[in-house]
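Please find one structure pasted underneath; my questions will follow.
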Amino acid sequence: MTARLVDSLATTAPLAAIFADESVLQSMLDFEAALAAAEAQVGIIPQGAADAIRAAASLGETFDANAIAEASRESGTPAIPLVKALTSKVAAADAESGRFVHWGATSQDVADSALVLTLAKARVVLAGDHARLDKSLRALSERHARTVMLGRTLLQPAVPITFGLKVAGWVAALARGWARVDAAFDAALLLQFGGAAGTLAALGDRGPAVARELAGALKLRAPEAPWHTHRDRLAALVAALGIYGGSLGKAARDISLLMQDEVGETSEPGGGSSSMPQKRNPSACAIALAAAVRLPGLVAAYLAAMVQEHERAVGGWHAEWPTIAATVQTTGAALAAMAGAADDLTVDADRMRANIERTNGAVFAERAMVLLAPRIGKEAAQTAIAGALDRTRSTNQRFATLLMENPEIMRVLSQEQLRTLETPEDYLGSAETMRIALLG
Amino acid sequence: MTARLVDSLATTAPLAAIFADESVLQSMLDFEAALAAAEAQVGIIPQGAADAIRAAASLGETFDANAIAEASRESGTPAIPLVKALTSKVAAADAESGRFVHWGATSQDVADSALVLTLAKARVVLAGDHARLDKSLRALSERHARTVMLGRTLLQPAVPITFGLKVAGWVAALARGWARVDAAFDAALLLQFGGAAGTLAALGDRGPAVARELAGALKLRAPEAPWHTHRDRLAALVAALGIYGGSLGKAARDISLLMQDEVGETSEPGGGSSSMPQKRNPSACAIALAAAVRLPGLVAAYLAAMVQEHERAVGGWHAEWPTIAATVQTTGAALAAMAGAADDLTVDADRMRANIERTNGAVFAERAMVLLAPRIGKEAAQTAIAGALDRTRSTNQRFATLLMENPEIMRVLSQEQLRTLETPEDYLGSAETMRIALLG
Amino acid sequence: MTARLVDSLATTAPLAAIFADESVLQSMLDFEAALAAAEAQVGIIPQGAADAIRAAASLGETFDANAIAEASRESGTPAIPLVKALTSKVAAADAESGRFVHWGATSQDVADSALVLTLAKARVVLAGDHARLDKSLRALSERHARTVMLGRTLLQPAVPITFGLKVAGWVAALARGWARVDAAFDAALLLQFGGAAGTLAALGDRGPAVARELAGALKLRAPEAPWHTHRDRLAALVAALGIYGGSLGKAARDISLLMQDEVGETSEPGGGSSSMPQKRNPSACAIALAAAVRLPGLVAAYLAAMVQEHERAVGGWHAEWPTIAATVQTTGAALAAMAGAADDLTVDADRMRANIERTNGAVFAERAMVLLAPRIGKEAAQTAIAGALDRTRSTNQRFATLLMENPEIMRVLSQEQLRTLETPEDYLGSAETMRIALLG
Amino acid sequence: MTARLVDSLATTAPLAAIFADESVLQSMLDFEAALAAAEAQVGIIPQGAADAIRAAASLGETFDANAIAEASRESGTPAIPLVKALTSKVAAADAESGRFVHWGATSQDVADSALVLTLAKARVVLAGDHARLDKSLRALSERHARTVMLGRTLLQPAVPITFGLKVAGWVAALARGWARVDAAFDAALLLQFGGAAGTLAALGDRGPAVARELAGALKLRAPEAPWHTHRDRLAALVAALGIYGGSLGKAARDISLLMQDEVGETSEPGGGSSSMPQKRNPSACAIALAAAVRLPGLVAAYLAAMVQEHERAVGGWHAEWPTIAATVQTTGAALAAMAGAADDLTVDADRMRANIERTNGAVFAERAMVLLAPRIGKEAAQTAIAGALDRTRSTNQRFATLLMENPEIMRVLSQEQLRTLETPEDYLGSAETMRIALLG
């Protein structure tokens, strides 16, 4: 079983598998096997011991995840029962070799390195989904480069924009967000190996050599020193995921708002209702918005754990696994949901234009202001425009029509200016220039 | 399987079982069975349908948790696939009855009610552990009513207190904390039942009657109205757990600090080290401190989800399950760990006294000030005391001895006053009165 | 100056004044004056000293808030420079009396008690605004008991509700929320008085007597013992404010969504735009939503500070003032804004009905299901309804009209049933019963 | 007045001045003046108007911060009353020019750009303090490259390390942290300029040209497009500050623990106590730890605000100013405090060695294990070492001495090995290599 029902909206099948016990245990065993191999290579333990350890370090009935989880609550770390179980298995096969299991390492070395190996697997999944989402959204932006719609500020109609520009805003934010995540993964995917208090003292002066071999075998970078209580690089990853999730949430909010029946401009495939046949729910947006709601708290929990005592901490470190696992999976759930939504997003360009129309030109009041203020002064312009807006609301007539009833305005503006006042395409400013720059 | 390794330090076996799929699914099925029974009782659906639904509403191969989890990501809720699976199972047995599954209810009705049923089970576990911890700590406080130790402020020696008083402070905070949790459970363990938009319209005017029957059957209270988007009562529970966890963390911090080898005043049973034979680690404290680190972020995540749109929300609700499950389990892990630690806490009263002694009387400087200031004025007293303290530090002589070398002090203080100046028992103020009041 | 521009949307004028330096300093001085008076009363210090201290303990040029703030960064608390300044002022008037300033107290005694006095003032402001908001919303609910509108779930039309019911949901959540805040104020408004390490040792056995006098003079309750490192009661207050703010945010979200031009069902007075003459912005909602965004993090910050070491903490306590001041003011800003919005909320009942109408009856699909499923079976009903819904969307015809074209439906439903199928008033279920219960 | 007392531990004098009203208002006025100049340059408004605006855009009695703060609560932004006040002032001098104030801009353009200008000033302060802290700590690490001390894990003695290595760990984490902050400042210090809905429509096709001029004048970079609702770059800055603050907190925790009287290895200058003459409090650590407690919640608050609607948000944006101002100032307070502490940190190398000594060699148990396990097997080694450790504890004899009483051990280890077993300098592994690498 890979996903729990209580977490089902906060993960995906591939990510749940990566954080499942089998995967985590195997990552821990991979560390132990690679450690023994590296130490044999450097001449610290016998090659035979390394071979025996590698042979034992694969999942099977010896490693009972439930028993290890239970025992971890006694020792404060899953590493101790895991190492004990591995030692028993090795020793059962070869008593001599048993003594070299976990040689020179500390619990947190295996726990942290296993975490990092797990994160490396998760990165691949996230990267794939980001690429898919990015591609869909870029195509969507191109497709709607000229699709005019209402710009909305404080949830009120402002002036026209293009849907292509709106989507390009999402694309650029997500691209920046992914670049941060990607860089943070690069910086954080480091071997942890320091021994009892981070000096690798048990290995004499051969610690760095073992660390290099070990890192190479695990395809991780070797840091300058262990980072048992310096968690900033993982914190930066968690924060980058939180920020990326925030940008996903922004796009999801926009889509869910545009999908309101009264707005009706976009629609994600969504899900049905258990009671109402007519409904199509923005379920992908719901998952992404839920992630955006949870992530800030998860980031806070991770950052709060940074104050770690001395060489290995009491409590700070112990808080991290559930937090980071939840952060990665929640972000991944949002990303997968939005990638799915973007692939199949319906856009109703007619409705977009109609929603501009139904303001009766009121959203062109700023435009009128820009035209009139230099000609008749700001106050006179304000008075004229406010009067026309009031009548637009009360009579349902067009704003431009009402302006034309004002002789002073007719005097300073041309027929052409008034005729095109309410043409959205003529009041897009630098929308297209910006859109191209954002996709840049 | 009940606990995942990544979460192993953030739950306990009983709590993991309560939030496991079997338990959650059964709670959902219990709701559906009880709903059908209530509707039959009130005459809305046939009794035969209710019987068929009850017969089908027990776990078994029909309900594949993994498949339901997977499908929940399409529909945005586990309720829809669960209801679908239940409907199929009922219909397979009796086609007529299938149509009455989930009658008049909405997805969130079953999801929220199942959550509440799950919380009711968790409450029993937490209550038991709290009672055990409370009892142990009260006995500990009584046992050490007269055990003097250093009071410490900003991690520096201040003036003497008793260990009994310190423990009584933990007891009182945890008692207040549990009272809040308990009251919050009382307020939050409510049936959720509102149908499509919370009016129970599908039941005509018989909604409240069904709700009463249903609540009774599930042993929950019926609220005045559905609370689909009013989450304050659950938020209050989550917050109360967070606060209780904060008080557990405070006790754990104190114990872990007292357990430092250089302090050596208390010791929890703890766990060993994977590399260092001499070590005893405060692993219960580590679990409790880890919880205290994570809980504020979890509380934040829950509170952030409170801004829920209209009659049922997009995103806010969907963020809740993982957060509340993590909050309850994390608090429970801390509580179980501290209950275990309290049962077997070692207290070294000699070391406590010795740590007072090794300040050479410096911690009685305030006492000297209180004696001297009214007699020789504040400034003269400050000068005399500062001088004695300096020499205490540099010469390792007792503070009182050095004060006695000052003729002015010898003049205003009696021999008896100087002789007993450094007796901790004589400078405890109202410690015992307070201790008794705290234990209430 | 009372409010800073960077915080201007996160406070109100009265609350900014309460947390301004003058108010905070005076609260600290009030504590010192009342302490001296209580100690004179109990016979610990001379009455003359108490009189001199009271005389000096009023604001004026002696107490330079800027200098005290600056010095507080050296000593880690504003109490030390404040006490120093007060001592100088007293001693300047009467050298003898100077020595009795702050007698037997510790820095945190004055700092915490001043905080509590400040909170007591803030409580009055919040209570007044809550009462005003409660009254406005109750009247609004009554006024619109029969105003039908769309219930909306996941931002999609669901089934009809009444606006009165929606408002009653806000009222009830805010009433519960305020009850929590009020109870938390009751529990938290406690004197802090413990001396060096919380035993009041400097007062011999007369500590409790002084505490009682002091509490009485400050109109605070005296706790069983000092609570220097047990912050659960303040944490409960902060959390209660956060939860109350969440409920304010929920109401603000609803209003801001209803105020969208495309929905147009309610409108708060709001503010204008600096560029667009046609705009009316939901600025009260913006302030309330901003508070709901910030409060979870502030609550988290407060809870994170609960892990306080021993008798007085290093860091935990020092984190509290800015957090609690921000929490109270932010909640108060949201409350004042919403109280203003509620007073002048415009409701467009015609538009509410029109928005139901414009779904062409689709929101009555559940009702059709409830009528049809028992008569023709669930699957047949689903097929018929789905067909009618599809045609409703494509042809813009009414849902009931299209159902009537289906002979099987005409056979099992009466003309009357079909005629009234789309009457919102006939499908409100228990809305009014619930509304009354919520206002209860 | 620049700092409020309630915030005094969470800012510094220079940072409080930067976020004070004068500074914020002037930044807003600077934007308006530069905007007018840029628009005159590009030919959109008359040069005379730009001159008149620049002349008016300096602080003075026209701009009443309190009135603007108050009015901002009506309009939801301080920009509207500020622009109004500026317009009046310009118009009073030259009616014609008044109409060109804020031409083409929206409220958030001036508010965000002013925020960015303010952040640019704060950056300089932070950078200076970081450089000072970095320098002090590097020197400290060099000075103590060979100073042995206990490594401590879970607050228990582990194996020896050097103080130089511990400090180098702080240095490296803070250097990484500052690099993140610095990069985040680079990315975030962007002009905001988009007009009503982000298209600069009021400027026709000359928007980008004005933006370039304006950015240049304000010494900010011009982004590809406005970022009114894409807050990821500021979020990344806030998160980077939070992470940096976490690393400061880690160092502060270490120092405050080492400063415990029972440990006595380091001491910061600290502050005194209001009641206890003997005390030296770690007040710099208290400020840094307080910051580390608050920052995660502030980061969460900022991230929670990222879900911003459409082109300009309702609530999300309005939540940001207080949060970002608090984040920068809190981090800066911690940084300044720690820079001060690092400058004057006392290190007691004798006490460090003595604390190793007082374990009676127990901290060399791992070393004994490494020597013995390959020679006599892991289980035999464990038994022998555990026995010696038990007797070390009970008899207070040296661990090595007791090992020597075991004939089997005497047989496999040399006299030299046993003689040097407890020499810390001989069991430092790669401490120095790592230290050098960390200082890089």
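Which chain is which? They are A, B, C and D, in the order written, and residues in each are numbered from 1.
The criterion applied here is as follows: a residue touches a chain if its C-beta (ideal position, glycine included) is under 8 Å from a C-beta of that chain, and two chains touch if they have at least 3 such contacts.
Predicted model only: the values in this text are computed from it and were never measured.
Engineer: Listed by label, which chains are in contact with chain A and with chain B?
Structural biologist: C, D
Engineer: Which of the two pairs, B-D or A-D, is linked by more C-beta contacts?
Structural biologist: Here the pair linked by more C-beta pairs in contact is A-D.
Engineer: Quick one: chain B and chain D, Cα centre-to-centre, how many Å?
Structural biologist: Centre-to-centre distance between chain B and chain D: 31 Å.
Engineer: Where the centres are mean C-alpha positions, what is the separation of chain A from chain D, in Å?
Structural biologist: Chain centres of chain A and chain D, defined by C-alpha means, are spaced 24 Å apart.
Engineer: When you check chain A against every other chain, which residues touch at least two of them?
Structural biologist: 76, 104, 106, 153-155, 158-159, 195-196, 202, 249, 252, 256-257, 273, 275-276, 281-283, 286, 289, 292-293, 296-297, 299-302, 304, 314, 366
Engineer: Along chain D, where are the residues that touch chain A in the complex?
Structural biologist: For chain D paired with chain A, touching residues are 76, 87, 95-96, 98-100, 104, 106, 151-155, 158-161, 165-166, 168-169, 172-173, 176-177, 180, 195-205, 207-208, 224-226, 228-233, 235-236, 239-240, 242-244, 246-247, 249-250, 252-254, 257, 289, 292-293, 295-297, 299-304, 306-314, 366-367, 370, 373-374, 377-378, 427-431, 433-435, 437-438, 440.
Engineer: Give every residue of chain D touching chain B within the complex, in rising order.
Structural biologist: Per the touch definition, chain D meets chain B at residues 153-159, 256-257, 259-263, 273, 275-283, 286, 296-297, 300, 304, 355, 358-359, 362-363, 365-366, 368-369, 382, 385-386, 389.
Engineer: Please name which positions on chain A make contact with chain B in the complex.
Structural biologist: My answer: residues 1-10, 12-13, 19-21, 24-25, 65-66, 68-70, 72-80, 83, 102, 104-107, 195-196, 202, 249, 252, 256, 270-276, 281-283, 285-294, 296-302, 304-305, 314-319, 321-323, 325-326, 330, 333, 336-337.
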